[in-house]
Amino acid sequence: MANRISLWLTVPLAVLVLVGGAAGLSGWSFDVVLPHVLPIGGGVALGLDRLSAFFLVIIAAGVLPCAVFAFAYTRHQKPERDGMTAALAAGMSLFIVSMACLVLARNVLTFLVFWEAMSLASYFLIMTENDRSETRRAGWLYAVMTHAGLACILLGFLTMAQSSGSLSMTAWAQAAAAIDPSKRNVAFVLVAAGFLSKAGAIPFHIWLPRAHPAAPSHISAVMSAVMIKLGVYGLVRIGFEWLGVGPRWWGVLILLIGAVSAVAGVLYAIIDSDLKRLLAYSTVENVGVILLGIGAGLIFHSYDLDSLAALSVAAALLHCLNHTIFKALLFLGAGAIVHATGTRNIEEMGGLLRRMPQTGALFLIGSLAISAMPPLNGFVSEWLTFQALLLSFRVPEQFVNLVFAIAIAALALTAGLAAACFVRAFGITFLAMPRSECVKQAHEVPWTMRLSMGVLAVLAAVLGIAPVVALRPLGYVTAQLLGEQPDLAFSLSGVVAGGSFAAIAPGWVGLTLAVVIFAVWLGFRLTGGSLRKRYYDTWGCGRAVHSPNLEYTAAAFANPFKRVFAFLYRPVTAIEIWPHGESRLFVKTIKYRHESRSIIEEGIYAPLAAAIRRTSARIRAVQSGNVHSYLLYMFLVLVVLLLVAK
Amino acid sequence: MKLLLRKVIGTAVVTEPGRPRDADIETLGHALSERVRKLYGRSLHIREVDAGSCNGCEIEIGGLNSPYYDLERFGLHFVASPRHADCLLVTGPVTRNMADPLKRTYDATPEPKFVVAVGDCAKDCGIFAGGYGVFGPVSSVVPVDVVVPGCPPAPRAILAGILKAVELRASGSVR
Amino acid sequence: MPFGKLANLLSFLFLLMSFLLIVRNSLSGQVRMFAIQSGILAALAGVVALFGGRLELFGVAAVFAIIKVAVIPSVLNRTVAKIGMQRAVAPYLGTSSTLAVCAVLVIIAFTAMAPITGSDPLPTADGIPLAFAGVLIGLFTTVNRRRALTQILGFLMLENSIFMIALLATYGVPLIVEIGVFLDVLVAVLILEVFVYRIKQNFDSIDVKQLGVLRG
Amino acid sequence: MILLVQWLLVVAGAPLLVGFIRKTKARLQGRCGANLWQPYRDLRKLFIKEVVISETTSWIFRFTPYVVIGAMLVAALIVPVLTTAGGALSLGNIVLLMYLFLLATFFLALAGLDAGSSFGGMGSSREMAVAALAEPTVMIAIFAISLRAGTTGLSDMINVLAGDRLLLLNPGHLLAFFSLFIVTLAETGRLPVDNPSTHLELTMIHEAMILEYSGRYLALIEWASAIKLFLFFTLLGNIFIPWGIGRTEQPAAVLLGLVALVVKLAALGVSLAVLETSVAKLRLFRVPALLTGSFMLALLAVISFFFLR
């Protein structure tokens, strides 16, 4: 009974966040300081401005459908896990509250308190199914990475506080010019590293593909769609507001990290055959696209081309919102599939479109949106990001133009590979014939799950057809952030970027596409006469093609990419052959393994972990076990402090 | 590249004019509507099925694509899949393991379709008659419209057979 | 003013030809690319002579065309014929990575030559980074390729680019120096041609890597 | 009104261009070859044929031909063919055009997978690989053109480029043309990348996906790929040789535009035919090397703009 109540708690919380966000966007703002709640560090300071309101809307858009999805998803858990679902729902509410307050935080202490609350809540949510060792390892890695990130943010904030003399961020913005640049750069790098690790950008992304699949689907949907955005929120705050106008290399650094994250993210997504890990890697890719927008914005900001900077930030924030919508839709779809078939491996799936028609159609809409196909919302934000990058020729410096050219190439390659990745994800999972028994009896999921996915699909279509719904508030957000309107002119249907540089009417494109398709279909229906249609076997060179083993599998589909980008995967291939007893020539079974290795994990983290292990082994010698040596240490430290502190 | 262009400019178009008219074609066709005949007369996609032939007929059929016979000028075109095809060009005696695939290929071809059997083997298993691996002539597996005898028949004969199949179908003449 | 644009276009075609040369695998194809490249360079010399008003450059262009487009390619073709069918010897870097390295070399050339093109008043100054990129790509060919003949072509491409830099920066060096350089190049090619033939005799392939055996 | 004329010209003219290319190739091979109107006859015959559909397919298999032809017809609305004034509906710029082509490829690849045969899967995975590798070249070429033209809108891009008399002397412009020409070969499945008239399923890329289609659906897909080739050639012709296309709405300019279009398409068609007769099909994993080469050309075009200002 307990879990029913706590489940009912999450939905109103999400609605409250949505109301707060909508009010904030329409101009309402407040600043409140509660000194007595936390005596040290200036107490709890919360403030709402347009950027925070926009992120509140993102949080609500991600959390509300997942809360509705959770109803049916948790009901079918095994009975002894009943206590677990109560903790799950409670954890979810704490998670929502901490994220919402984090966005409102205005001083160092509140920011870090809610940041830690969010990390702990998400850690426990990941560990709900901790009977599997894989989940425990994922949880452990997640905890280590988030707290390393927290340490960086703490150090960065403290350097800023020490050099600006105050603990409240708004004070930093005014004092930004006075602080000496080297301190500001150190602070930026540290805090950016912390936020990038939470956002899952490439060098710090390794926790993401392990933590998200381990969590239950609606939790990984919230984490992937919403929690990642708070890293982006932090980056926007320090880049454009708290640390003032930074030097050029800040923007170039973020742009390059974005380009690398986008390309590597989608390349790892293409070869993965675990549905939820595939979606996690595609989150890394979309964070890369968002970072491209923010990096471009930072560069334009440092050249005082503020209208272009506003355009790039608007594109990045629009992609944040769009990504929340279609990534939540895809993760909930994956949750529905796992719920119906019990497996996450797309090699075993197939033919689900006939057995789960609505989930299939909604997953298709999600795949189209994430591959940025015209009538849906992914296209609008990726198109805007492209125009922001293409407009970079107004920057006078030649080296920066080259960096933008590389960023454009990376974004284009990502767009192509994302389309290929989701053709594979959707095609192998839903089409042709089922490849395993458990998939054969798959059945459609309860209506609450389909309802939440349906809401997200409708949102994706609406934002795709009429982007003005999101662009108008974004105009105010960027105007407040950068003091200048974005270089955008938009009416109900059209969007014009960069003066006369580029124009598009997504509403009309969607409408014309629908009208033309309907006209062609109607034309056939009328003139076609008796459309003679006959059902027969698939053409397999005359052989009977009834069994699914003739189909193309996920690994086969990814093979061209694995060969073309072999320098990144550095695949390990192993072939084991079991011959029959009598003679080596008659083979019983052949096992072919084609593993790809992650450069980042082996190149950076493995040696790092080994170095830590070695140094800690040496330090352990200090723990000699007798009390006298401990006393000696304390005495020495005291003396040293006295000398230093003089 | 230079040599190729010099060769191209040097040789004129060598396609033999006119439509080949050979008498020794056996016709077993059945009626085909006038409208379809007019359409097929100008655009016919052929799927060549080797039902166990010794490839003598295939070499001759290959000759059809050459500049001399050039079946493209009659609107004929070889296609990769029976789904795209209108006419099945079957060669060779239907061996035991090719009987079922031939039937499947025939069923996979959309209506209106017809079959041209090429070579003596297709007509009556030719020299392979009675062999243990031979299932029977082509007509025992799929309904055949035109048979082009000869071992192997000249490309002109095959071309005439295909064109006859289209015309015959229209005029509705029965054996 | 078409002179500057024409010069830029020809220098770009020159760079494009060096790209193609470094990607081609067949020896005769590479020699043909080199011949075309030298032809473009001769045309550029003619254009500079015409617009720049340096009439003796026509002579240089003519000598250049004779030696680089006619004599040297025929000598090399004769060697290719003598060597006969060759086992395909793959270069150290595959096609895609070679192209990537070339792109990086072009960018390095541009950044390195930026101060020079800035200060040079002549309309053809924009082409200097491209010529310098040709020099870098020539060097890279000698490094990347394993067959001796291709390395000779790399060296010749290098020499072409140096001549081009001189042409673009100062409308060509005095005539005597020009002729002297051509003769040296011709002699060098003849000696290398004999050298390649000797390698072929002893090692039955002109893969320079196998010379390492001599180290003992 | 001009828009409607232009749209019908594209839709009706596309198979004629394909017929012209086939006729030229035949003549180069010393064959008499089918006449120019053969593609129309093939399409008309396919319209009345029976449609055979595999049992394992879902609604996507039957929906894909409509999406593919729909995307191409909308793309035909955007490209200015005869005149830049009323020529193109201001639906979007050249980036939208590339995404419409990607949408058509997306659905075609799904239909390829739907039938469950290994040919369809092979075709779609290779087609998506080639499309993904061609995207960066397309975007960098667009970046190079938009640097020179100052805009990415198709109509005003052509107006600006037509103004510069010495346009063809700019190295960047030529390099962008060659890189986009290689991308056209890759996207429309012409010879060096994929052989349109092959029968060996293992070598196909585009053809393998539509092995399952028959009758009316096949007609729609063939027509859509013809329109795609026509649009790519019109883009190449009008952007890189921008003279001749009408700038105003009067009939005189439109007629001149028509003549210029026919000349440009004929020239590009002949050059494609000559290229296809003289070049053999590249091994599948040499295609990335070709696409990297075209990417380098486009990057060189961009570099030439920045450094040779």
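Worth pointing out:
Per-chain numbering from 1; labels A, B, C and D assigned in written order.
What we mean here is this: contacts are C-beta pairs under 8 Å (C-beta built on N, C-alpha and C of every residue); 3 or more make two chains touch, one makes a residue touch a chain.
These figures come from a predicted structure and were not determined experimentally.
Comparing the chain pairs B-D and A-D, the larger number of C-beta pairs in contact belongs to A-D. Relative to the whole-protein C-alpha centroid, the nearest chain centroid is that of D.
Remark: chain B and chain C have CA centroids separated by 56 Å (rounded to whole angstrom).
Distance from the chain A centre to the chain C centre is 50 Å, each centre being the mean of its Cα atoms.
Per-chain Cα centroids separate chain B from chain D by 34 Å. Rounded to whole angstrom units, the spacing between the C-alpha centres of chain A and chain D is 35. For chain B, the set of residues touching two or more other chains reads 81, 83, 108, 110-111.
Annotation for chain A: residues touching 2 or more other chains are 398, 402, 532, 534, 536-537, 539, 541. Shown for chain C are the residues that touch two or more other chains, namely 107, 110, 114.
By the touch criterion given at the top, residues 532, 534, 536-537, 539, 541-544 of chain A touch chain B in their complex.
On chain B, the positions that touch chain D within their shared complex are 1, 4-5, 8, 11-15, 35-36, 39-40, 42-43, 45, 67, 70, 72-73, 75, 77-81, 83-84, 86, 108-112. In the complex of the two chains, the chain A residues touching chain D come out as 351, 353-354, 360, 364, 368, 371-374, 379, 383, 386-387, 390, 393, 398, 401-402, 405, 408-413, 415-417, 419-420, 423-424, 426-428, 430-433, 494, 500-506, 508-509, 512-513, 516-517, 520-521, 524, 528, 531-541, 545, 548, 550-552, 556-561, 563-564. Against chain B, the residues of chain D that register as touching in their complex are 22, 26-35, 38, 41-42, 44-45, 48-52, 198-201, 204, 207, 211-215, 218, 274, 277-278. Residues 166, 169-171, 174-175, 286, 288-289, 292-293, 296-297, 299-300, 303-304, 307-308 of chain D touch chain C in their complex.
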